[in-house]
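Take a look at the following structure, please.
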Amino acid sequence: MLFHVEMTVKLPTDMPGEVAAEIKAKEKAYAQALQQQGKWRHLWRIAGSYANVSIFDVDDNAELQDIIANLPLFPYMEISVKPLCRHPSSIRDDDS
Amino acid sequence: MLFHVEMTVKLPTDMPGEVAAEIKAKEKAYAQALQQQGKWRHLWRIAGSYANVSIFDVDDNAELQDIIANLPLFPYMEISVKPLCRHPSSIRDDDS
Amino acid sequence: MLFHVEMTVKLPTDMPGEVAAEIKAKEKAYAQALQQQGKWRHLWRIAGSYANVSIFDVDDNAELQDIIANLPLFPYMEISVKPLCRHPSSIRDDDS
Amino acid sequence: MLFHVEMTVKLPTDMPGEVAAEIKAKEKAYAQALQQQGKWRHLWRIAGSYANVSIFDVDDNAELQDIIANLPLFPYMEISVKPLCRHPSSIRDDDS
Amino acid sequence: MLFHVEMTVKLPTDMPGEVAAEIKAKEKAYAQALQQQGKWRHLWRIAGSYANVSIFDVDDNAELQDIIANLPLFPYMEISVKPLCRHPSSIRDDDS
Amino acid sequence: MLFHVEMTVKLPTDMPGEVAAEIKAKEKAYAQALQQQGKWRHLWRIAGSYANVSIFDVDDNAELQDIIANLPLFPYMEISVKPLCRHPSSIRDDDS
Amino acid sequence: MLFHVEMTVKLPTDMPGEVAAEIKAKEKAYAQALQQQGKWRHLWRIAGSYANVSIFDVDDNAELQDIIANLPLFPYMEISVKPLCRHPSSIRDDDS
Amino acid sequence: MLFHVEMTVKLPTDMPGEVAAEIKAKEKAYAQALQQQGKWRHLWRIAGSYANVSIFDVDDNAELQDIIANLPLFPYMEISVKPLCRHPSSIRDDDS
Amino acid sequence: MLFHVEMTVKLPTDMPGEVAAEIKAKEKAYAQALQQQGKWRHLWRIAGSYANVSIFDVDDNAELQDIIANLPLFPYMEISVKPLCRHPSSIRDDDS
Amino acid sequence: MLFHVEMTVKLPTDMPGEVAAEIKAKEKAYAQALQQQGKWRHLWRIAGSYANVSIFDVDDNAELQDIIANLPLFPYMEISVKPLCRHPSSIRDDDS
């Protein structure tokens, strides 16, 4: 089941560089593991921002919550979630 | 080059049923042709709405404008556009 | 799986009374049937408005879309959807 | 009498972990006691967020204020309140 | 129990004068009857607008809904509702 | 002359408790003195918040500014002001 | 006593030209009479719009309401009102 | 002197095609004449919309108002205006 | 050429009193000098706030920027700017 | 390919002067280099603000992201991006 999640990162501007770098590294590893598992199906950067649009493929709302709430950058993010489903005009079988 | 486009359809409530049906049929054919060409890469319904999230793969802004402005439902839509690019944490090669 | 849906009804003010009454009757029957099936778990009126907060219990996003899009009042509604899941502090076993 | 309350928690990102943990523990105990009393009827997590939707069953506005204002996390919350009442299409007797 | 209700009237600009006058007359009679009953405690015009701020004194949310939904001008209003209760700094005994 | 003022208090979450308590005490004394003078006619708590709705009875805009700007909590408040006047449907002589 | 009023005119696009012209003529006469009386102290066009910023000098809120509500274009306007008073840094004696 | 103007066109969906075509033709001629005069320095389409971003080079606010208010599509537009001036980091001499 | 500028001051609540006082004194001197020069034509306090509405009379956008950007309180302000011009219904010759 | 980017700078008010000056100097050098390369085609100050409107000429979304994300002031900016393309009424050949 797919969810559209937009995440905007707002790190405190006075956060020491190395602390930020460490969190980002954890975030990258976390995101790549989930992509390998097929949970995090798409991850795009919104050009001109520090935000992304992601498409998650999860079993249910609870799994979505678990994945999002454990993002290392979660405390520094503004997040909006939209449940997706198959569009009647979609010709793709693998997109829902 | 990818663009994230969210389209919310607001048909006039007093539009005759057959007129609406005709426009929707044209829209479907239009959307499916573009999907077959690979221009309209993803088309999802936002659950609980008459809106969709789409990912377009076009050569440039002009082609995006041409595709969007010629949507049969264009006059009845609220549309927001976000340019996308590859996210540094994405593991997919085919997603930008 | 639970979804929180807020629906605000905005009927055209020039809609003939009997037309409105007919749609509302269909809406009521539709809503009560879904409540009997357990799909529409809660339906509350927001006091001082023509809006409701509902909790749906559905299998997935697609079923939510199917239920919402077929509401007789759907063309006259502003709708917002939030996916819900179990809260770690909830003591209820039957609330997710 | 029912109230729909949406609470979004925004803890300061520089709050020490143990301080946050202590407040959260108090919050959980506070919430569970009220649920046992039947005051806090529903408590759901909005998936993909640090927010909840709750339904309170209180005698009047004053009691709602007393409960909300004494939430340990109250100083760190954005809160919106909507008074609820029975919906004419609801088939449930115990839902208002 | 007190509720703060702000009502903004938006009559269709093409509504015939006499139709508008009739609804307004019904609205006035309805409002004055409720004021006499003590239900509608305060009714002020927001200067420079076609809106009012009202304070209702009702038994519960359901009674508020009943009063508001039956306002003759209800279909032409944007309404916001806030539950009120006694302020700890208020010196008035009769204001909650 | 009446003014509708909504005040939302946002104290810094890292403000020491005793500092906050002191300001609140001053605020209460200030508010109660003005109520005794008849300037601060109504003071209600918006249930579920740290905000109030107040009705001030002042000679003119300048007096309103003087009262509001000297609130001890003024630096920590979001404030909105609406000028009120007698509503044509009000049956009260003492409410404008 | 001064009030800052911003008015945005939104005439129905299907209003016959002569009807619009007639209302605008009435509006102009109404505005110029009030300016001559000194009630409508300033009237500026916001460049690039069909909106104005006006400064009214009235005895109280009720007079402001009377003037605004009787604007011939009132039913077609979005209006926002801000009460003004003398600024402590103003060097003008005639500006409050 | 430069002004940044964003214009979003919202034609009534029930406007007859030929009426719309006529207004658009007038708009195009009007826009191209002003471009030839150097008043309308830049005119870009916002991709995926029926909106444009324009840069006007005018003598003052009054001239801007005159140009904008006489756009054939003016009654069907939402317009926002921002005054521009030379940026201290700009290397262009001809861009203010 | 006139510009309507609304300025809302938001000083950090932890700014030492004497630092704030010093900046405010500079701001007052700066504002009064510009008023004497005729550049800052009107300066009103919005009653119930720490904000002002000002009307500037400047040669062009660049001069407006220079004046605003050099306000001592500039770093602590939210500012909105609207270009003004003569209203066709204004009877004043000196108001544009 | 052109992009319209609006950037609003919000430096922390407690940032030491010399730190701010250093970042601004880097920003200026960065901006001027890109202007010399033709990537940063227009850079205007929005009068009365610490914001700019810029037009970038880049090969694709990815290049836009690279340029924006590496702005020295990027962590202190609110940024909005709009893809542009040739307007059908534009008479300029070099403006898309």
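So that you can tell them apart, the chains are marked A, B, C, D, E, F, G, H, I and J in the order they are listed, and the count of residues begins at 1 in each.
Rule of thumb we're sticking to: a residue touches a chain if its C-beta (ideal position, glycine included) is under 8 Å from a C-beta of that chain, and two chains touch if they have at least 3 such contacts.
Because the structure is a prediction, the values reported are computed rather than measured.
Q: Keeping to the contact definition above, tell me which chains border both chain I and chain J.
A: Joint contacts, listed by label: H.
Q: Over half shared or under half: which fits the residue numbers at the contact of copies chain A and chain C, same or different?
A: The interface of chain A with chain C is built from mostly shared positions.
Q: Could you grab the centroid distance between chain B and chain G? Build each centroid from C-alpha atoms only and quote it in angstrom.
A: Here the centre of chain G sits 43 Å away from the centre of chain B.
Q: Would you kindly tell me how far, in whole Å, the mean C-alpha position of chain H lies from that of chain A?
A: About 39 Å, centre to centre.
Q: Express in whole angstrom the distance between the two chain centres, defined as the mean CA positions of chain D and chain H.
A: 50
Q: Chain D to chain F: how many Å between their CA centres?
A: Here chain D and chain F have centroids separated by 27 Å.
Q: Considering chain E alone, which of its residues make contact with at least two other chains?
A: 2-3, 45-48, 61-62, 64-65, 81-86, 96 - these are the residues of chain E that touch more than one other chain.
Q: Which pairs of chains touch each other?
A: A-B, A-C, A-D, A-J, B-C, B-H, B-J, C-D, C-E, D-E, D-F, E-F, E-G, F-G, F-I, G-H, G-I, H-I, H-J, I-J
Q: Under the definition above, what is the set of chain D residues touching chain F in their complex?
A: By the definition above, chain D touches chain F via 3, 5, 12, 61-62, 64-65, 68-69, 74-76, 79, 81.
Q: Under the definition above, what is the set of chain G residues touching chain H in their complex?
A: Touching chain H: residues 11, 13-14, 45-50 of chain G.
Q: Under the definition above, what is the set of chain A residues touching chain C in their complex?
A: 1-3, 60-62, 64-65, 81-86, 96
Q: In the complex formed with chain A, which residues of chain B make contact?
A: My answer: residues 2, 4, 27-28, 31-32, 35-36, 42-48, 52-53, 55, 82-92, 95-96.
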